[in-house]
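Order of writing sets the labels: A, B, C and D. Residues in every chain begin at 1.
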Amino acid sequence: MAQYRVLIDANDEKGIVHKVSTVFYNFDLNILSNNEFVDKENNKFFMRSVVDGDVDLDSLSTALIKVLPQKSTLKIVAPKKKNIIIMATKEMHALGDILIRHEAGELEANILCVISNYDILESLVSKFDIPFITISHENLERAEHEAKIIDCINAFEDVEYIVLAKYMRILNPSFVEAFENKIINIHHSFLPAFIGANPYKQAYNRGVKIIGATAHFVNNNLDEGPIIAQEVVHVNHAYGWRDMQRLGKDVEKIVLSQALKLALENRIFIHANKTVIF
Amino acid sequence: MAQYRVLIDANDEKGIVHKVSTVFYNFDLNILSNNEFVDKENNKFFMRSVVDGDVDLDSLSTALIKVLPQKSTLKIVAPKKKNIIIMATKEMHALGDILIRHEAGELEANILCVISNYDILESLVSKFDIPFITISHENLERAEHEAKIIDCINAFEDVEYIVLAKYMRILNPSFVEAFENKIINIHHSFLPAFIGANPYKQAYNRGVKIIGATAHFVNNNLDEGPIIAQEVVHVNHAYGWRDMQRLGKDVEKIVLSQALKLALENRIFIHANKTVIF
Amino acid sequence: MAQYRVLIDANDEKGIVHKVSTVFYNFDLNILSNNEFVDKENNKFFMRSVVDGDVDLDSLSTALIKVLPQKSTLKIVAPKKKNIIIMATKEMHALGDILIRHEAGELEANILCVISNYDILESLVSKFDIPFITISHENLERAEHEAKIIDCINAFEDVEYIVLAKYMRILNPSFVEAFENKIINIHHSFLPAFIGANPYKQAYNRGVKIIGATAHFVNNNLDEGPIIAQEVVHVNHAYGWRDMQRLGKDVEKIVLSQALKLALENRIFIHANKTVIF
Amino acid sequence: MAQYRVLIDANDEKGIVHKVSTVFYNFDLNILSNNEFVDKENNKFFMRSVVDGDVDLDSLSTALIKVLPQKSTLKIVAPKKKNIIIMATKEMHALGDILIRHEAGELEANILCVISNYDILESLVSKFDIPFITISHENLERAEHEAKIIDCINAFEDVEYIVLAKYMRILNPSFVEAFENKIINIHHSFLPAFIGANPYKQAYNRGVKIIGATAHFVNNNLDEGPIIAQEVVHVNHAYGWRDMQRLGKDVEKIVLSQALKLALENRIFIHANKTVIF
């Protein structure tokens, strides 16, 4: 018996749960877990069911589509490793956390490669027998540099997520559009506070008592894509901005890894620049 | 159209969600929110649905019982104020927090009275036009004292919860049995650490870096009933046990009020000395 | 033997701790606690010592001033209740929390009165035998309305803090200047995120996973005064903005009361739009 | 100019701060940071000052000892890498977190080797060019096994800390005594709750709503040594014990690394089975 994740994103209407659960029942599926959410403001229905059973996926899919409202999105996926690519710049903590989890088998992911604009992290990545590709931005226009990265990514097949593990360059709209809802970034502040450069310095200057980190999908407004996960930690007047930066690293890496895990396990729906997370 | 909370506690078997949602569909009910949980270890199914519609409750109840497994527990309740009694001793913070919320209309509750073994809190309670009943324990055996309290409680009708807002006396088994799953206590530690008397002193002596509070239903093992809510706060070496006690009050009152709110909104299921909370 | 808080705010220079502790030693004072902080960026030194001893305050003050750098600020205060005035609008939670703490004797404060632009909270406040003064803003220019409030406040003597316990009107610069570093506000967001009106709606629209509250001194830039305390709580996609608002109340009231307590205990220094808190 | 950490652990008496700061002043030292704590219950004084200056350490030491109470402990250390040994069993997360921090240069430490009773972690450790030493416990009495480990450790010089990064065997008193106040352990519960084996299973069975991790020095009572750091994370009824275990790993690794950092930076004093942390 195989396990499947059934993911439904539909316009809400009365009876969807009834109809979907009837299909599951008729296919003799066992429901291992079931989460639904109705976004009343946008009249949207989201559902993630984990089922197991001996089932023909095409028939199940056809039966579900028949009972779902028009324009619904249905995905049925078996748990398996997804291909991901990591982009980083110079810092080791977020990348290192993912590498260790990958090594420990904690992630449903194959890391195809790590791309960086510097070669600083190569010695770390190569320890794990993962290809490290340096694409320097020197003497290149941003568009040229990104074109090279896009080519590099497109040379791989079935890339499901691009993880920006402290990749410290702003991406052009064309890059973001090329990988819509596939780019996960960690921003080192509690968004929407301190958008942009050096948020720890901004936080220090503002005299905040809490700092944070935010993992989000990237869209074309800087640091304004759908938020996946956030976490914070207390600071006080004795923390300079470099102390905040040091302390913040622990939050950044945990939040990014948690967001990645949620994505890999198909737990995230995106709608109206927000996430629904089961 | 009226709103109802449908609460199901059943042995798990395939198809319950399908069958229940079909009943809802047939009764033309709108599902406002829906939560299910399967406790695989104990083969138990829990469900809380909030529905609205124009419905005959007896028919709905009959239809649901028909499709539910044998020995299921079904409750259909309309949101309305429940009768509660508060017991306290000398401290003001937890009681005061409930009184203010009650005054603000935040709680689905009528406070029938406050019972205390001292008269210290009378001046506070009487401000709110709530009966304050002093039942001194002096010169009484514990059983005699409790018998008086039980008589006092039983003089009221339909008491749904007894809230121990820092009631500092241990209750006899006979008292607890008289109000099974109806007594909510706040214990001023992060249970199961520091069961029993003066947990802050215990915590101080152990040199912990975090203290907490636990709201739980009372059963006959001291501080070992089903946990509803817990919260913690960081401390350091500079906190004496009285400082911990002072700081802990903020946690205690918030946790107790949150637990009470969950109970009043029918969000708690109890099974196997644990809670399922939707 | 009496207890004193010695508060020093000076330009930093080598030897201050040595010189101050020598004065304490010469006056045969016992140091109960001692906190220092050097803000290297601004070359500032802050110190709060709690001492006890049998001492002539004038002599001690003279001796300390002699050893401190020029333009230092020195305060020596005995722990005693400070006069405060609370301003509120319609919501009960933050005000109620302060009233209960006041009633319980937790605060080093006399509440002189509560001022509101509505009479909604009068029934709550009058329970506690605290004067409630309604100063309606209807048919008044903002400046006229505030002039009335200023007159009302100035009719009291020695007002040390004005606590805005969810006072929902923006204050004119002239009002703020009249009570510099004396007005403590609770803003219902994690500043600097969501400055201005209805932060919970802003937070909901942005899809954040954490909401918060910030207690701060008020200056003439809206929600931009020195931050005293911040706290947060996790939310998810299922929280509408009214749910966030409800949940946020618990954070707001605790943070405001904590900030007030810090101020009353002379634990806060203000410099360069930030706070140093011991 | 060199930087030094001056660490004082003394019986409390009036004037210590005055006397010590006078010595610093006479030696023309600049105080970068200064922390003191008086444990009134035990009449103990703790102080950690970071100073810089051009100083003869022997003279400074002699001058300080002269003014300190008898039986005081004085240490003056320059910031430099300390030798540490890590012990682990099979799990990768806590060890991996330290390895990455070490690689990133975040830790004031040289990792001399990793010792394990299995060879499972060898492939991870060897990536970082750190010696991995397998000392199997198979067919050995506990004392024999530990004697081998002690020999292995003693073959290295100046080992300042032994970090148990999820080393899953209980240590004999003789082992613990051999490295008094040098062994740092991570226990995967919020101590003192759930001492001993499989705390996540214990936590699951108790139905707690928060789980945690505790870093502590090891003494001869299982999981009862001085606590250095603790952290927690919320769970709910849907978490089985394996889910708690997975989630707990993030807390465990951060808490252990934080505790190690505190130790390496000479920020921890131990007294009466508690820690004072500056």
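Some notes on this structure:
Please note the rule applied: a contact is a pair of C-beta atoms (placed from the backbone, for glycine too) under 8 Å apart; a residue touches a chain by one contact, two chains touch by 3 or more.
Please read these numbers as outputs of a predicted model, since none were measured by experiment.
In summary, the chains found to touch both chain A and chain B are C, D. Of the two chain pairs shown, B-C and B-D, the one joined by more C-beta contacts is B-D.
Rounded to a whole number, the gap between the C-alpha centres of chain B and chain C is 35 angstrom.
Centre-to-centre, using mean CA coordinates, chain B is 40 Å away from chain D. The residues of chain A that reach two or more other chains are 33, 238, listed in rising order.
Partner chain D is touched in their complex by these residues of chain A: 33, 91-93, 96-97, 99-101, 103-104, 106, 124, 127-128, 238, 246, 250, 254, 257-258.
The touching residues of chain D, counted against chain B in their complex, run 37, 39-41, 190-194, 206-210, 212, 226-232, 236-238, 240, 273-277. Interface of chain C with chain D (complex): residues 14-15, 17-18, 21-22, 24-25, 28, 30-34, 36, 38, 234.
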